[in-house]
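Below are the C-alpha cells for one structure; questions will follow.
For clarity, chains are labelled A, B and C in written order, and residue numbers in each chain start from 1.
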C-alpha cells in the first residue's frame, strides 16, 4: 500500500525533497562572505558616525545634539521592532508554522538589511570621488525599510517555500526595491516617507506575482495545517500590536526634522485608530451572531498605517487622516472576506496572509491618496517656505508646481506596481527550478520540514502524575 | 430534558443573547462618523506640527530640536505600548478570554483616544478666537492617558460585558475623565504627572462602581473559566513586564522638561523595584510551602508605579520612593489575598482583575502621598525657582504656598474618587438595560460569545501520525 | 512501595525541601529594608535630576535639551526591556520552568538594580565632601548593566536553584561586578561601552563557576523536563528578538555623546546581522536534512552583540563588524553543538542555557577583539581629537599610547575572567549549604516547586461540549 502511494506520487512528478543541508549553508556562507568583501571595498562610516566628527564639530560649531543620531534613533528602534517582532510574529498565526514564520523572517531580514545597505548605498550615498558608500543612522532605517518589501512578499508565500527560496526572494526583492526607489524618489522626486508606494505597493505586488507563478493546484492537501489555533492567534496579536503601535514611527522615521516628523506621526496615529473601528464593524457584520474574526483584527486594523504611508507627511488634516483610516479599514476587511477567496478561485492566486488586502491595495490607494493631497497643496495651507520644505522644491525642482508633483506621485505608484508585478513574475519562474528544497503540496505549512521540533507536550502528564503520586505518598507518610 | 432546562432558564428570566451583529457595527460606524465630523469642525494641527512651523522657526529663531516632538515622542511610544500591549496582555490571564482581553482592549483604546482628543481639546486646548482645537504630541500622550482610565475600568468587568457595553463605558469614561481632569489640574491647579489621581484613582473606582451595579449573583456558574492556565499566565506576564518597564515613561511623559522628566522617571524606576520585593515576600508568606502566586506577581509588582503617579515628579528623594514602593507592594498583595474576596462576599463586588488593589487603592494612596510631599515642599529643597517651576506657581497661583498646594492635592483625590464612584454607578445602571448583548451568568469569561474561535489543537496529532507513517515508508523504500 | 522509594532516597541523603516560606520573605524584607536605610544615608539626586537644576540652567546658560536625560533615556528604556523581557523570556524555553524563568529574572533584577545603584555609586559617584552618592539616568543604565551579569549567571544554573539562592547569587554578583568594573574601567582605564568584558565575560564565567561547584550527578533524573515544547520555544523567541533588536542600544547606551553612540549602535547592528547567517548555516549543516535547531537560533544569533561589546565603540569599520559577527556566529553555534556536551561530560559542568557559548566565550573574545582594535588605533583613522575623545586620553592618561591601551584592555579581560571564576567558585560553595531550599535532583526544571500552578487545560473540553450541547438545543427549539 505504501508502494502504491509512492508510485502515485511519482506519477505526478518526482517526490519533493525538503533537504536543505547543502543549499542553505552554502547560500548563507557565500552571501555573507560576499557581503564582507563588498563592505570592505565600499562601505565606510559617514561623517556623523566617524571619529573625525569630534574635530568637525568644533570647526562647524555644532553641538552633540546636532548629530542625526538623536533625531532618528528612537524611531529607528521602533522600526526595527516592527521588522523583526512585528512582521515575524504577525505570521505566527498558523498552527504549525510559527518557527518558520518568526525564524525565517529573522534570517531574511538579517541578510536583506546588509544587501540593502549596499544597494541603497550605491544608488543614494555613493561618493564618486572616493568610490565609497558612507552609512549612518538614516541608512540603517532605510535598510530596514528595504527588507520590509521582501518580508511583505513572504506573507503571500508563507508556508509554501523553503528558506533558500526566501533568500532568493530577498536578494532580488532588495535589488528591485533599490531601483524602483531610485526612480520614484530621485528621478520622479516623489515624497513617500512611510513607503506606501515603494514599500507596501511594491512589496505587495511582488509577493502576489511570485505566489501566482508558484501556484500549487493541490495545496488543499495541506489544508489541515492552513489555519490557526487559539495560542497561535495570540502570538500573532503580539505582531499586530507592535506593528500598529509603532507605525507612527515607521511613517515618520525619515520624514523632515521638526514639524515633518511631528505631523507624520500624528496623522498615522489618528488614521490607525479609525481603521480599527471600521474593521471591527465589518468583521462583526459579516459573521453569524456578529462574532469577530481574528484574521481581520490581526490584519485590517493595520491598513490605516499603510494607506497613510505617503500622505501622512503632508497637510492632510486630522479629519482627512480619520477618513483615510475609515475607508481603508472597510476596504481591507472586505478584501479578506471576498477578494482573497475570489482571487484564489478565479485567478489561482494563493495568498497565505492576504497581503493583497493589507499591503498591495492599501499601498496603491495610499500612493494615490498622496498624489491627490500633493496636487491640492497650496501656499495658504503650507506657507511659502513650508511648501518648499515639505516637497523639497529646491535645486532643479525649484519650479515644480503641486499639480505636477501630484502627477509624478501618481506615476510613482504605477512604477512601484510594475516593478512588483514584473519582478515578482521573473523571480517566481526562477523559484520554479526543482533545486530549492520546497515542500510537496501535502506538506506545506509545516515546521517539520525545516526545523528540529521538540517532542509533544503529551509526554508531561504521566510524569506529573508520577510526581503527584510521590507527593501524596510523602504526605501520607509524614 | 433540553426542554426542561430551557424552561428553567426562562423561569429566571429571558435567555441572554450575545448577538451583537447589529449593535456593534452600528456603534462603531455611528461613532466613527461622528468623530470624523467633529474632527472636521474642530481639530487642527498645533503650531509645532503645522507646515507653517518652517517659517515660525525662522522668525522665532528656533532650531528643529526645539520642537516638542523630540522631548516627548520616545515617552509617547512607551506609553502607547503600555496602553495596547501592557493593558491588553495583562488581561489575557483568563484561560478562554484572551482574544477578548487583547481585542476589546484594542477596540476601546482606539475609539477612546479619538474621543479623548476632542474632550481634552475642548477643555484644555480650545482657542476661542478660531473655535478650533490644536493638537500635537502632548495631546496624543494625554489621549492615551485618558483611555487608560477606561481600560482600568475594563479590568473590573472583564469577562462579564459585551464589546458594545465596553464602548459605552469608554464613551462615558473619557467624558468623565476630561471633566475631573479639568477640575483637578486646571481649577485646583494640582500636579499629577503620572495620573495617580486622575487616571488610576478615577479609573479604579469607576470600574468598581460599574461592576458593583452589574453584580451577577450566579457568576459562579462560569467559575470553570474564571481562572488561568499555564500559557495564559505567561501571556499575561508580557503585559506585566511592558507595563512595569515603561512605567517610568508613563509618569514622566508630560512632566516638566529637563530635570522634571529626569527625576520623575528615576523615582518611578526606584519605587517599582522596591514593590517587586515586598510583593514576592507577602505572596510567598501567604501560601503553603512559600509558593508564589502568579496573580500577585502579575499585578502587585506594578503598584509602585501607580502609587508614584503624583509624587514621582516631586523631590520625594530616592529613599522616599523606595519606602512608597515597599508599602504599596505589601498593601496591594494583601488586597489580592484578603480584600478582593472580602469585597466579593460582603459587598457583592466582583472585580475580575482586582483593580481595587492595583489601581483604586494605590491611586488614592498615591494621591495622598503626593499631597503630603507637596505640602512639605520648601525652597531649601527645591530652590526658589525650582519650587515655582515644579508646582507652576505662576500667574494667578503666584502666591500659593506649598501647604495650600497640599490641601488642593488632597481635595483632588476626593474629586477623582467621587467622579469615579458616581459616574460609574450611573454608567452601570445604563448598562443594565437588556439591549447590550452581554453574556448569561453561565457563559461569562468565554471568547466563544464574541469571537470565531479556531478549531481545537486536538485535530493535529492524527495528521502528524499520518506524516510519520509516510516518512517511514519513504525511508524503508529508499 | 512508596515506603521503599522513600527509604531509598533517604539512603542517598536527606530529602530536599523546597519550602522557602520563611527564607524567601525574610531575605526580601531584610534586604529591602537595608536598601531603604542605605539609600536614606547615601543616595541623592544628581544635579540634572534635582529641582535646583532650574537655577543651574540659568547660571550656566544651559537649555533643557542639555539635560543628560535626552541623550540617554531612549537607550535606557531599550536596555530595560532587554533586562526584563529579553533575559526573562529567553529563559522560558523549558517546558515547565517558564514562570520561574521570567518571574525570578524579574525578582533578582529588581533587587540587583537597587544594590547596584549603591555599589556602583560608592565606587564611581561618591562625593567625599558630602558623603553622598548622586544618581541620574546614567546610574540607572549602569545599574541595569550590573544586573545583567547576575542574570547571565542565572542562565547556567536555571532550573537547579531556589529563588533564595538566586538572591545570594545576585548580592555577590553585583558586588563582584562593581569591584571588577572599578578595576577595569577606572584603574586600567579600559573602554568597554557594551560590557563584553565587565558584563558578559565576567557574568558568563561567574555562572559557570557556580554551576561547576553545584554539580548534580543525578540531574538526569529530571531529564524529562529539561527540554522545550513548541509554545515554550516561541515564548523564548520573544526574548531572543528583543535582545537582538535592542543590542545596538545596549552597546551604545553609555558610549560618548554624538558620533560615539552613533558608531557603536551601527557597528552592533551590522555584526548582529552577520552572526544570524552563520548561525543558520552551521545549525543547518549539523542536522539530518539540514533542519534548524531552535537552541541555536535563540542564542547564537545574539553572539554578535556580545562580541562587539568592546569594539563597537571603536573605529573597527563596518566590514570589521561583519567579520566579527561572522566568526562568532560560527564559534557560538559550534559551542552549542559540541562544547556544552563536552563540558558536561568531561568537566561535570551543567550549563542549562549554554551561557558558555553565548556570554563567556564571546565576551572573552570580544574583549580581546577590543584590545586589538584599540592597539591598532591611529591618528589618521580617528583624527587627533577623535583619538583622545574615544579613549579618553585625558588627565593622568594623557600620554597613554594606543598600544599601551590595547595591553590594558587585554589585562581587563583577564581580570573579568578571574573575578568570575574565583567569585563564582566561592559563591557556589556558599550555595552548597543545605539551607537554601533548592530542589532535589529528580525535581529540577519544575515550576511546581516554587509556584502555585493553575489547573491543567484538560478540564476545558467537556465544558465546551456542554455549551455546544446547550447551543444546539437552543437552535433546535427556536
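Going forward, a residue touches a chain if its C-beta (ideal position, glycine included) is under 8 Å from a C-beta of that chain, and two chains touch if they have at least 3 such contacts.
Being a predicted model, the structure only gives us computed values, none of them experimental.
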Interface composition of copies chain A and chain C: same or different, split at half: different
Equivalent-chain rotation between chain C and chain B, CA atoms, steps of 5 degrees: 120
Interchain centroid distance [CA atoms averaged], chain A/chain C, Å: 31
In chain A, residues with contacts to at least two other chains: 65, 70, 74, 231, 238, 456
Of all residues in chain A, those that touch chain C in their complex: 18-25, 28-29, 31-33, 35-36, 39-40, 43-45, 48-55, 57-58, 64-65, 67-70, 73-74, 77, 80-81, 84-85, 88-89, 92, 98-99, 102-103, 106-107, 110-111, 113-114, 117, 135-137, 140, 163, 231, 235, 238, 437, 450-457, 459-461, 463-464, 467, 470, 473-474, 476-477
Residues on chain A engaged by chain B in the complex (per definition of touch): 2-3, 5-6, 15, 65, 70-71, 74-75, 78, 95-96, 224-225, 227-234, 237-238, 241-242, 244-246, 248-249, 257-259, 261-263, 265-266, 269-270, 272-274, 276-278, 280-282, 284-285, 287-294, 297, 301, 315, 317-319, 322-323, 326, 381-387, 389-390, 443, 446, 448, 456, 458
